[in-house]
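Each of the next two complexes has chain A plus one other chain: chain B in the first, chain C in the second.
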Partner chain A sequence: MIEGLIFGLLSILTLAGAAAAALLRNLVHCALSLSVTFVGLALMYLSLGAQFVGLSQILVYIGAVAILVVFAILLTRGAGALTPHRLIAAAGWRLGWIASVAVGFVLIVALVRSPLPVSGDHAVKVTVQQIGQALMGPYVLPLEIVAILLTVALIGAVIVAMPEDQKEMR
Partner chain B sequence: MTLTPYLIVAALLFAIGLGIALTRRNAILVLIGIELMLNAANLNLIAFWRFGPHPELMTGMLFALFSIAVAAAEASVGLGLVIAWYRHSKTTDLDEMARMKG
Partner chain C sequence: MNSATLDQFFVLLQHHVAALFPTVLQPWVSMILGVVGIVAVFPAIFALTTVLERKGLGRMQNRLGPNRVGPFGILQPIADAIKSLTKEDIVPRNADDVVHFLAPVVLVVAIFLGYAVLPVGRNMVLLNIDAGILLFFAVGASTELSIFMAGWSSRNKYSLLGAMRAVAQMISYEVPLLLAAVVAVMMTGSLAPTAIVQAQGGFTGIFPHWYVFTPWGFAGFTLFVVAALAETNRSPFDLPEGESELVAGYFTEYSGFKFALFFLGEYLGMMSIAGYGITLFLGGWGAPFSFLTFIPSWAWFFAKLFLAIFFFIWLRGTLPRLRQDQLMNFAWKFMLPLSLLNLCVAAAWRFLGEWLGGGTVAELIRWLVCAAVLVLAYVLLARTLLRQQNISPRSYRYAD
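The block that comes next holds the complex of A and B.
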């Protein structure tokens, strides 16, 4: 009962944040409501028993991605509330909303109708030690690939965002 | 609690993210929509891990962790591209990014 109540509140928080990000005009407000969505998802992970993933979600998404989005908005001067109303939505925005509502509808109908092969609710306590051993044992290859990917992404982002005249100097 | 409510929330989140990515004109907001879709997928992974047959194997949870790392890399490169494009043409409006249009 109490679990259902917590789930309801968290899902309302998450979806309201996402809807606000979809509908607000000011870009900074959109970024803030996006971080509300990230907080709601992190709390949902915590309530599902995935403590490490929930805290990584807070660390990575709110600590890094949301801040990065705010930086990008401020650097591209999207922060001013001067955007005229017709400049918010793209050219075919009605079609876009129709497509996304259709996708959501199809997904939910498929979910409700399909019998999911789940064995029920067993709460397993996963410690950080277990996660570390799994990452260093069977998952060591994906971990290394993610490390290489992050390095490449870091260098690539710096080179892409570097001014043109500095690029030619090296 | 059962699995289905979590999956429905994830489906709604995915639909909202898709709506943002398809309807907004600003490139940064399109990236925000893509992040929301990735987060919906992560919620699915965690929910299936929790209610699936073998939660002690931690498969879904570790997949979600790797997915978070990939999403962070994607966000950094995407925002770097947006900033580079802004420096080039002084706009982040996607409807004006039509140089390669045939």
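The block that comes next holds the complex of A and C.
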């Protein structure tokens, strides 16, 4: 009963945040509403007993992604400017629709096909230690590939941001 | 009352009060009692700290500090509270009023959440969860967003500059802060603060097994303290609110109780990060000598907390403010490599212990090798960075 109530409240919070992020006219407000969605999702994970995922969601999405979005808005001309009332259609809007419908379809199919119900005592309790051992054991190769990818992206970003004269020096 | 009862006094009190209620309500009542305890005790310490800080800074600057309200000015926080409650709450006409209102609320809520997993004594932790340390860092990261909200919504260039500085600084120093804390987590094998405190609980002779007494622990603790100073925007890292440059940084446009909330948030953040530093490296609520264990665990925790606060005040009275480029260079070129190396040293410490086996000589070799690596890296890195810096008379563009 209480779990259902919590789930309902969190769903409303998450969906309202997402809707506001899409519909508000001020870009910074959109970014802040998006972080409300991130918080809602994190609380959802926590209410399902997935502590590590939930807290990592806050650490990464609120602590880094939301800040990055906000910085990107402020450093470009978007800060404070309102988006127009009329619908904005980018050049490839048809492709965008196709992609989002395809992703939505795949997600719905995956949801419908997954064995339900997985709740209460049937759910597997995964501790942080188990996640760590899995990451260091069977999944160590994917982890390291991701690490290398991120390092490459970081170095690339530094080189892009480096002043031109310094680039020639090296 | 014997020392065991005194040690568990607050836990027993909580059980006692909860037992007065029907069984269905008992878990809720004891939870609410815990929350009330946290919400009452830490702001009280904050009130005390404001007096201590002003008195302490006054002493260091050869003046008296507050001495009008009550004996020795000890009632000053009450006067401050009345003042901030009765002051007019001014919101700039251009400000984004919803975000402007939410910013201090989000800040204080996030910081209070961090206290939920902080063990302040034996069995005295509100929420004993597996991933406690992760929760602290997660809510610490979300304070950045509230600082941005405050700076952006004020529509004031000083506020925005202060917020940008604060966010850049907090993101940069979060990396070494996390990496320094990871060492203690690694050696304990658990993210739970209670487990980390318990792992430091033993004694050799009269000395405790605190992590700060190992080479990697000492390096980790030092890095943690420096990063914590920067995370909490304390001097010498107080650029985001540098009074001489930015009026008051991101909370320039706040007045009355909202200003007080920012002040509260800042000090609560300082105390919680000090509390986690104590938990991770200074044995949490453990006694510093084996013959002092009769003193209650919570007394030790708060004694250490006050010592940490005193240290923060002392530093504020001593060190000048850094420049923005020095701040960034220090985080990325000095703290980050050292904290990464410290991770490797901690791993080496663990495996050297297995290879060399027990015994005093093996222990000594392990200690010396790890300490030598860290000291050597520190000296070499510091020298290289110092050589790269062109230290010459500074030219002031507008003053010349």
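By definition in this document, the second predicted complex is superposed on the first by the 115 of 170 C-alpha atoms of A that agree within 3 Å, B and C clash if a C-alpha of one lies under 4 Å from a C-alpha of the other, contacts with A are read in each partner's own complex, and residues count from 1 in each chain.
Everything below uses one rule, namely that a residue touches a chain if its C-beta (ideal position, glycine included) is under 8 Å from a C-beta of that chain, and two chains touch if they have at least 3 such contacts.
Quick caveat, the model's predicted, so the values are computed rather than measured.
Trainee: Is A:Ser56 in contact with chain B, with chain C, with both, or with neither (first, second, both, neither)?
Mentor: After superposition on chain A, A:Ser56 lies in contact with both partners, chain B and chain C.
Trainee: Of the two partner chains, chain B (first) and chain C (second), which one does A:Ala64 touch, if any: first, second, both, or neither?
Mentor: Touch partners of A:Ala64: chain B and chain C.
Trainee: Look at A:Thr127 in the shared chain and tell me whether it touches chain B only, chain C only, both, or neither; answer first, second, both or neither.
Mentor: second
Trainee: Which partner does A:Ala153 reach: the first (chain B), the second (chain C), both, or neither?
Mentor: Once the two structures are laid over each other on A, A:Ala153 reaches chain B alone.
Trainee: Of the partners chain B and chain C, which touch A:Ala91 in the superposed model: first, second, both, neither?
Mentor: first
Trainee: Per the overlay, which chain contacts more chain A residues, chain B or chain C?
Mentor: So, of the two partners, B touches more residues of chain A.
Trainee: Between chain B and chain C, whom does A:Ser35 touch in the aligned arrangement: first, second, both, or neither?
Mentor: second
Trainee: Identify the overlap between the chain B-contacting and the chain C-contacting residues of chain A.
Mentor: On chain A, the residues that contact chain B in one structure and chain C in the other are 52, 56, 64, 71.
Trainee: What part of chain A is in contact with chain B in the complex they form?
Mentor: Touch residues, chain A against chain B: 3-4, 7, 11, 14-15, 18-19, 21-22, 27, 30-31, 34, 37-38, 41, 44-45, 48-50, 52-53, 56-57, 60-61, 64-65, 68-69, 71-73, 75-76, 78, 87-93, 95-97, 99-101, 103-104, 107-108, 111-112, 116-122, 124, 126, 130-131, 134-135, 139, 142-143, 146, 149-150, 152-154, 156-158, 160-161, 163.
Trainee: Residues of chain A touching chain C in their complex?
Mentor: Listed in rising order, the residues of chain A that touch chain C are 26, 28-29, 32, 35, 39, 51-52, 55-56, 58-59, 62-64, 66-67, 70-71, 74, 79, 127-129.
Trainee: Please output the residues of chain C touching chain A within their complex, sorted ascending.
Mentor: These residues of chain C touch chain A: 96, 99, 129-131, 134-135, 137-142, 144-145, 148-149, 152, 160, 164, 167, 171, 174, 189-191.
Trainee: Taking the touch rule as given, give the residues of chain B at its contact with chain A in the complex, in rising order.
Mentor: 1-9, 11-20, 22-26, 28-29, 31-33, 35-36, 39, 42-43, 46-47, 49-53, 55-56, 58, 61-62, 64-66, 68-77, 79-84, 86-87, 92-95
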